[in-house]
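Next come two complexes built around chain A: one with chain B, the other with chain C.
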Partner chain A sequence: MTDIKHHAYLFDAVRCIGCRACMVACSVENNIEMDKTRIWVAGRGVMGEYPILERASMVYHCMHCNEPDCLSACPVGAYSKRSDGPVEYDPKKCIGCRYCMNACPFGVPHFDYDKGLIEGAFIDKCTFCPQRIDNGQEPACVATCPTDALEYGERDELLKIAHERIAAHPDRYIDHVYGEFENGGTSYLILSHVPFSELGLPALPEEPVNEISEKVMEMTIPFALGWGVVLTAVAAGVHLYNKKTETKAKPTETHEEEPEVNK
Partner chain B sequence: MKLNLAIDRRLRLKPIALILLFLMGIAFVVAMVRYASGIGPISDLSNAYPWGFWISFDLFTGVAISSGGFLMAGAVYILGIEKFRPLLRPAVLTAFLGYIMVAVALLVDLGHPERIWYMMIFWNHTSVLLEIGICVMSYLTVLAIEFAPVVFEGLKWKKLAHIFHKFVMPFVILGVVLSTLHQSSLGSLLLIQPTKLHPLWWTAILPVMFFVSAVAIGLAMIIFESSLSSRYFKRGLETHLLEKLAKAIPIVLGIYLILKFGELAFAGELRYLFTSGGMSILFWADILIGSVIPIIWFSIKRMRQSPNALLAGAILLLLGMILNRFNVSWFAVQHYDPLTYVPAFMSNVKYIPTLPEMAVSIGIFSAGILAFGLAAKYLPVFESEHHEAHAPSGD
Partner chain C sequence: MTQTISRRDFLKLGAAAGAALAAGSFIPPQVAQAARDAKLINADGDGYIPSMCEMCVWRCGLLAKVKDGRVVKLDGNPEHPHSKGNLCPRGQSGLMNTYDPDRVLTPLIRVGKRGEGKFRKASWEEALDLTASKMLEVKEKYGPEGMIFSSTHNLSQVQFENLLYGFGSPNYGTQRSLCFNAMITAFLLTYGVEEPARKYDDVEFILLVGRNLMEAISTSETSELSHAIDRGAKLVYLDPRYTKTASKAAEWIPIRPGTDSAFLLAMIHVIVMNELADCDFVKQYVIGCDGIQDAMRRYTPEWAEAITGVPAATIERIAREYAAAKHNALAHPGWRTSNFVNSFQTERAIATLNALSGNVFTEGGCLSTDVTEEGSGLAKPPQPPYPRISALRLDGTPWKYPLVPLKLGVFQELRDAIITGQPYQAHGWFIARQNPILALPDRNKTLLAFGKMDFIATVDIIMNDTAWFSDVVLPEASYLERYDPLLPLDGRAYIRQPVIEPQGEARSALWIYKQLGERLGLGDYFQYEDEEDYIRQQLKPLGISLEEVKEKGYAEMPEEEKKNGFTFNTPSGKIEVYSETLKNAGFPAWPTWEEPPIPGENEFYLLTGKVAQHTQFGTQNNQLLHKYSDEPRLWMNAKTAVSLGFTDGDWVEITSKVGKVHSKLLATEAIRPDCVYLTPGFGHLSKGLTTAFGIGASDSVLHETYTDPISGGQALSQTFVKVKKA
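Showing the complex of A and B:
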C-alpha cells in the first residue's frame, strides 16, 4: 500500500531518447497484443540546420485528467476517476459508442476495430498500472525508462521538481509545465525544450473541454419540464378558445373546417 | 376546396422495389461481415476517426429529416391548426421510419449493439449521448403510439383506433418535448470538442442552432415527401397547404442566419469567414445552399405556388442543411494529428468512407423508402381533406 494522495507522472522530453522501452514494458506488464499499445512514442525527427541539430520525442499516455472528458462523455458511466488520480475504464459497461474517443482532446482512448461481436470490441487506454501502484511499485513504463525521462510520484512533489528543473536550466527548458493547468489539470506532467505544439500536444484552456457540455446537460431537465408545461398550457388554451368560438359560430355555421374531428 | 388524395392500392412489384430490396440485401451481408469480424475490415473508421459516415448520415441527417413529425403533430394537436391535418400522417410516418432507421444504423455502428439497453440502466447524467439515447428510445415509443391509429384503421379495428386517437394528446406534448431536446442535443454532442471542431461551427449555442435548423429541415421535408409521393402515386398535391409551410421557411432561416452570424461576430470569429481555405468554402456552401438561397426562393410568391418550384426549393434547403450536418460532425472536425512515428492503431489519420460502409447506410435508407411506399399504399396515410376517407376507400 502507498501513501500517495495523487498519483502522477512527470515526462521530460529533454531526457527522452525515444527508445520505446516504455511501450514494450507496458505491453508486457498489461498483456497487450503485439500490434496494440497503451503508450505510443512519436519522434519529431531531426530538426534545424547543421551543425545545430536537435530532435525530440514524446511519450503519449493517458493524461489521467483531474476532470476527465471521457468520463463526462460516456453515456453508461464506464469510466470512473479514483480519488487518488487514475482514470479507470470498465469494459463490462462499455457499449462501444466511441464518444469518449471524440471527447478526449488528447486522442487517448482507442478501440478494437478488428474484433467482431464474439471476441468483443472494447476501448483500451493506460490504467496507471493499479496492480503495481497499489502495492507501492512504480508503473511499468516508469520502472523501465533508462534515462528517467518518465518519473512517478505525488503530483505536488513532481510539480515542485519540474519547476526546480526549469529554474536550474532556464536555457534548456520552456518555462511551462504542460498539464499543471491544461484541461483542468492532468496527472501526466510534461517538460520540454521545444514548443509543446511541436510535440503534438493541443493548446488547451484551464477549463476542461467538457465544461460547456456539462452546463448544458444540467439545464436539460428543468428546460424539458418547463417546455412541457408551456406546451400543455398552450394546448389547453387553444382547445378552450376553439370550443368557445365553436359554440358562438354554431348558429351562423360559417366555418369552412370543423375544428373537432372525432369519429 | 376538395382534393382527391386517395391512392391506387393494387400491388405491382415495380423495378424500383426490386432495386431497393437488392440494396437492402447488400447492406445485410455487409452488416453480417461487420458483426463477425469487426468494424475495421468493412470501414475506414480508425482511432483518429472514431465517427464517420454512419454518424454523419444515419444519425445526424436521419434525425434532422425526421423533424417534420413533431412540427405537424404540434401544429395540429397543440396549436389546433386543423387544416394541416392532411399533412400530419405522412409527416409522422416519415419521422417514425426515420427514427427506426437511426436505431438500426446505430446497431451496426455500436461496438456492442447487444448492450444498447444499458443506456436504460446505467445513467451518466453528464453525457449528452445518454440524453440522445433516451430521447431516441422514448420518442420511438411516442411515434409508435401516434402512428398506431393509422395501422388500426388500416386493419379496420375502429374501436382501438378510436381509443388511441382519444388519448393521443399527452403523447403529442411528450413527443414535442422529446424532439426539442433531441434535435438540440445533437448539437450539444459536439460541445465537448471545442478544440477539434472548427470555430466557424463550434459555438456554445450549437443546441439552439440545431433546433432552429431542424424546424426548417422539417418544413422542407414535408414539402419534399408530399411532392414526391404525389408524383409517384399520382395523387393530388396539397399545394395550398405546402405554400403556407413554405412561407414560414424564410422566417425560420432568417432567425437561423441572425443567430449564426451574431454568434460569430460576438465571439470575434468573423475573420475565419474568408481565411480558412477549404473550411471557408464548406461554410459558405452550407450557408448559401441551406439558408440564403431558400430564403430568397420561398420569399417569392410564384415559387411557393408552383409544385415544381416548391420541390426544387425544398431539395436545395435539404442538401444545404445535410451538408451542414456533415460539416459539423465530420468535415470540420480536425482530429488529433500524431507525429511522424505512429504505431498501427494511430496511423490512419485520413478518413475516406469505404463502399461497404456506405452500402450499410444506403441499404437502411432503401428499407425506409420501401416501408414508406408500402405504408402509403396499404394504410390510410394520405387522407382526403374533410376526413370522409376514413371509411376505407375502394378495395
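Showing the complex of A and C:
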C-alpha cells in the first residue's frame, strides 16, 4: 500500500520543542509497558551561562542503518533488513546473547528482562511501525509531531529537503545531515544547529563499523587455516627440535645420575 | 510534511478489513452499533471514530482507533483546524485518562469526615435525589444565591449555566480570573472582541510576552508559530525563564517580572515619537491617535531600562523592527495573563502595539477580530427565560469590579466572600470539572471556604482534590465516552462523540445536568431526550443528520456574510487606545505604567508556567504523562543556588506569607537570579489519585491573593518567597 522505496525519518533539532508527544505516541501505538520506552530524549539540554543560553535536545530511536551492526553481530539471524529500510527483529530466533546491544553504535537495542524469560522477546527496539507504514500511514512518532520536527518519507527526498533547508538557512544549521553517510548511512536523518556530539550522537566513519569487522570476519577461515598451517609447522619444528635435544641430552643426564647411584 | 492519511483513507482502512465476523459480546452495544452503521468500524469492532480532544481547552480533532470495543490509539484528525493531524503529548495520552485505574465509576456519597476520603457507593437515583434535595434546602433557607456554581470552560457549559441561572443564583465561579481576565478585559475594552485571532501566514515579526507557546501547547498555533520561525519570521520573547519558546526565539529577553508593560510602553513611545506608524491611516480606525504622543512622552527607553533591566538601545531597536514589519508584525495577546495587578496595563499596551501596526485593519494583517459568534448557525433546545436575579454576586462583579465582564467574574474574591460571609453567607457549592482547591491561590483559605459549606457536590471523572473534599461525587463519562454539544469553528460544527461505551456508571454532563435540573424543577431548561437528541436539535437548521456528522466528524455550516470594512464593537466603533469607558470608571484612559511590588531582602519572585505534558491540575494522575514528564522541582538560578549553599537535587523549604512547601531543587542557568519557578499542578491532597498523590508541591499553598481592580485577574507572580534547606 505504499510506494516508498526506502522509508526514512528526518529529525530537525532546530524545530524540536521537546514536548515528547512522539514518545507518548510510540508507547500507545506499540503498547509499550509503563516502565519501558523505545524512544528517548538525548542531548545536553540547556547550555551556556545565564543569560547567553542555548538548548540542544533531540529524540531518537532505532536509526534503521543501511548496514545494521546489530544484524551483523547477531549469531542467530534474529535481525533482518527490509529492502525498503526498516531493520526488523524476530524474537522467535533471539537467544538473548546481547551481542546486538554491544554492536549498535547508538545504544538502541535494549534488554527486556520481564519479557525475555517468559515470551522469549529479549530485545526491544523501534520497529518503524510496519503496521502503520505498510498501510500508508506515517509512523506514530512522526504523525503526531506538532512542529514537524519529525518527518517521514522517501530517504532520497528527505535528504533533498534536508540539504535545501540547510541551504535556505545556513546561519541556522550545521552544514551536515547526520546519517546521510555515517555508519554507511541510516534511515534516521538528523539536522542540527549545534555540533552533533552535543545531541549525544557518536562521530562515526562513513564506512560502517560492521563493514570493517565483516571484512575482518571474512578473513577468519583463511586466516585460521593459514594460522593452522603456521602453528602445525611450528609445532612440528618444536617437536623435531625437542626430539634432537632429547637425544643429545640423554647421555648427560645418565652421566649425572650415575655417580649418584654409584654413591 | 503532508499527512499521508486522509479521512477517506482511514474510512477505507476500516472497510478494507470488513470480514463479516459475528460481533463478540465484549463489543459494547450502542457505540459499536452506531459506529458500524456509519461504517467507521467493521464487524470486528475495529476502525477509526472521529471526535474531539479534551486534554486542554484547545479542542483538537482526533481519530480514535478502536479495537474490540477499546480505544487503543488516538491520532490527530487532519480534517480539524485545531489539530491538523497532530496531537500534543497530552492529546496522545488521552486514553489513559479514560482508562485511569482511579476513575470514579459510580456515584459516591461521603460517609467519613470531609477530606477523610471515606465514601460509599450509591445509585444515581440516590445521589441525584440527595444533591437536589440539599440544593433545594439551601434555596429554601437562604435563597437561590446561597448556592454557588462553578465550572471550568467546557462544551457542556451552556447546560451548566442553565442549571445555575435557572436555579436563580448569581454566583458563578469560573477559572477565568485565574487565567486570562487581563487579556480578555483589555481586548474587549480596546477592540470590542474577547480574543482576536492570530494569523501566522505572512507574519514577519512576532512579540511574545510570556506566551510560552512551545510548552503551553495549542497544537495548531504552536505548529503555525514553528513554521513561521522556519520561514524566517523573527521571534522576540519576553520571559524571566529560558523556556523552550525562548530557545526558539531570535531574541530572548529575560525581563524583570512585572515590568513587561514598561518595556511595551517604551516601544510605543519610540513608535509614536518617531512617527514610525502611518498615523493618517491608523487614525481612521483608532481613537487616541491625537493625544498619544503626549500620553507616551514620559515612557522613554531610558526610563524603561531602569525599570526592566533591558538596555534602552535594545528596546529602541526592537520597537523600530516591530514598526518596520507594519501589519505583518504581531504582538501576541497572550493567554494566562494573571501575573501582576498591572497585567491589565500590559495587555492594554499589547493591544495598542497591534493597533499601531495596523495588523487588525489591513487586509492580510496578522491579527483578526472576525471571531464568529459561538453557536451561530446552530439551534439549541428551546428554553424559557431565566428568572430575575436580584442578589449581589459574591465575587464583586460588577458592584466592586465594574469593568469585569459577568461571564469572567473574580473567582478568588468569591472564595474570600464565602469566608467573610459578606455581603451574605453562601451555603452550598455545586462544582463541575474544576479543582478549586488546587486552582485558587492560598489553598488554606480555599479549604477554610469549603469548611463553611453545608453541602458540596462535584462532577468529575476522577477523585480530584475537590471531589475528595465533597459530600457527593457524580462520575462523569470521559471525553472518549460521551457526547457534548457541537463546537462551531471556522464554518463547521465539530462533534465530540463516544468512541467507547462509558465505563461503569459514568454518565455525560448533558445527562447529569438534565437529571439534576428535572429534580430541581428546572426541566424546561433541559428539553432534550438524550445527548443525541440535543445534537439533532442543534443540527436542525442545517438539515444535516446526526449520522452524517458522526461519520464525518463535523457538519458544514452556511458561509457567513463577510463584513465590509473594519468596524469594532466598542462604544466609538473604533479601536480605543484612549478609552472613555476606563476613564469614566475612574481608571487611566491610556495604557499606563503601574509600579508593581518587588521582593524584599532574600526573597524571590515565585513564577509559574506550564510544562508541555500537563494541563493545570487535572492530568498529573495520567500514567502516560507521569511516565514522560520531568519530576516537578523548584528552579533556581545555578549561581544563586551556589551562593546560598544549595546543590542540585537538594530538598528545600519554600515559604511565602501564607504557606510553606517542600520541593527538590533544580539548579539551572535557565532562570533569572531573582526568580524561582515551581512546576505547577502537583502537590495533590487527594489520596484517591494514586499516581499523583505524594508528588511535587502545590504552588497554590504559597500563592497570596491579589486582585487587579480593573480586570479582576489574580496576580499569580506577585507572591515572593524565601527558600532554605529543608
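The definition used in the following text is that the second predicted complex is superposed on the first by the 208 of 263 C-alpha atoms of A that agree within 3 Å, B and C clash if a C-alpha of one lies under 4 Å from a C-alpha of the other, contacts with A are read in each partner's own complex, and residues count from 1 in each chain.
By definition in this document, a contact is a pair of C-beta atoms (placed from the backbone, for glycine too) under 8 Å apart; a residue touches a chain by one contact, two chains touch by 3 or more.
Given the structure is predicted, the values throughout are model-derived calculations rather than measurements.
**Student:** Name the chain, either chain B or chain C, that contacts more residues of chain A.
**Tutor:** B
**Student:** Going by the contact rule set out at the top, does A:Ala42 touch chain B (first), chain C (second), both, or neither?
**Tutor:** Once the two structures are laid over each other on A, A:Ala42 reaches chain B alone.
**Student:** Under the stated touch criterion, which partner chain does A:Leu53 make contact with: chain B (first), chain C (second), both, or neither?
**Tutor:** In the superposition, A:Leu53 contacts chain C only.
**Student:** Tell me which partner A:Phe106 touches in the superposition: chain B (first), chain C (second), both or neither.
**Tutor:** first
**Student:** After lining up the shared chain so the two structures overlap, which partner does A:Pro130 touch, if you call chain B first and chain C second: first, second, both or neither?
**Tutor:** neither
**Student:** Touch check for A:Pro195: first (chain B), second (chain C), both, or neither?
**Tutor:** In the superposition, A:Pro195 touches no partner, neither chain B nor chain C.
**Student:** Between chain B and chain C, whom does A:Ser72 touch in the aligned arrangement: first, second, both, or neither?
**Tutor:** first
**Student:** Please identify the positions on chain A that touch both chain B and chain C, taking each partner from its own complex.
**Tutor:** In chain A, positions 23, 35, 37 sit in both the chain B and chain C interfaces.
**Student:** Residues of chain A touching chain C in their complex?
**Tutor:** 15, 17-21, 23-25, 27-29, 31, 34-35, 37, 46, 48-51, 53-55, 135-138, 140, 142-148, 151-153, 169
**Student:** Please name which positions on chain A make contact with chain B in the complex.
**Tutor:** Residue positions touching the partner: 23, 35-37, 40-45, 58, 60, 69, 71-78, 93-99, 101-103, 105-107, 110-122, 199-200, 202-204, 209-210, 212-214, 216-217, 220, 223-224, 227-228, 231-232, 234-235, 238-239, 241-242, 257-259, 261-263.
**Student:** Could you list, by residue number, the parts of chain B that touch chain A in their complex?
**Tutor:** Against chain A, chain B makes touches at 34-41, 45-48, 50-51, 74, 77-80, 82-83, 85, 109-116, 118-119, 122-131, 133, 162, 165-166, 169, 172-174, 176-177, 180-181, 185, 188-189, 191-196, 204, 207, 335-346, 386-387, 390.
**Student:** Which residues, counting only chain C, touch chain A once they are in their complex?
**Tutor:** 1, 3-5, 9, 13, 72-76, 85-89, 91-93, 95, 214-215, 217, 219, 222-223, 226-227, 230, 232, 242, 244-248, 252, 254, 612-613, 623-625, 627-629, 637-639, 668-673
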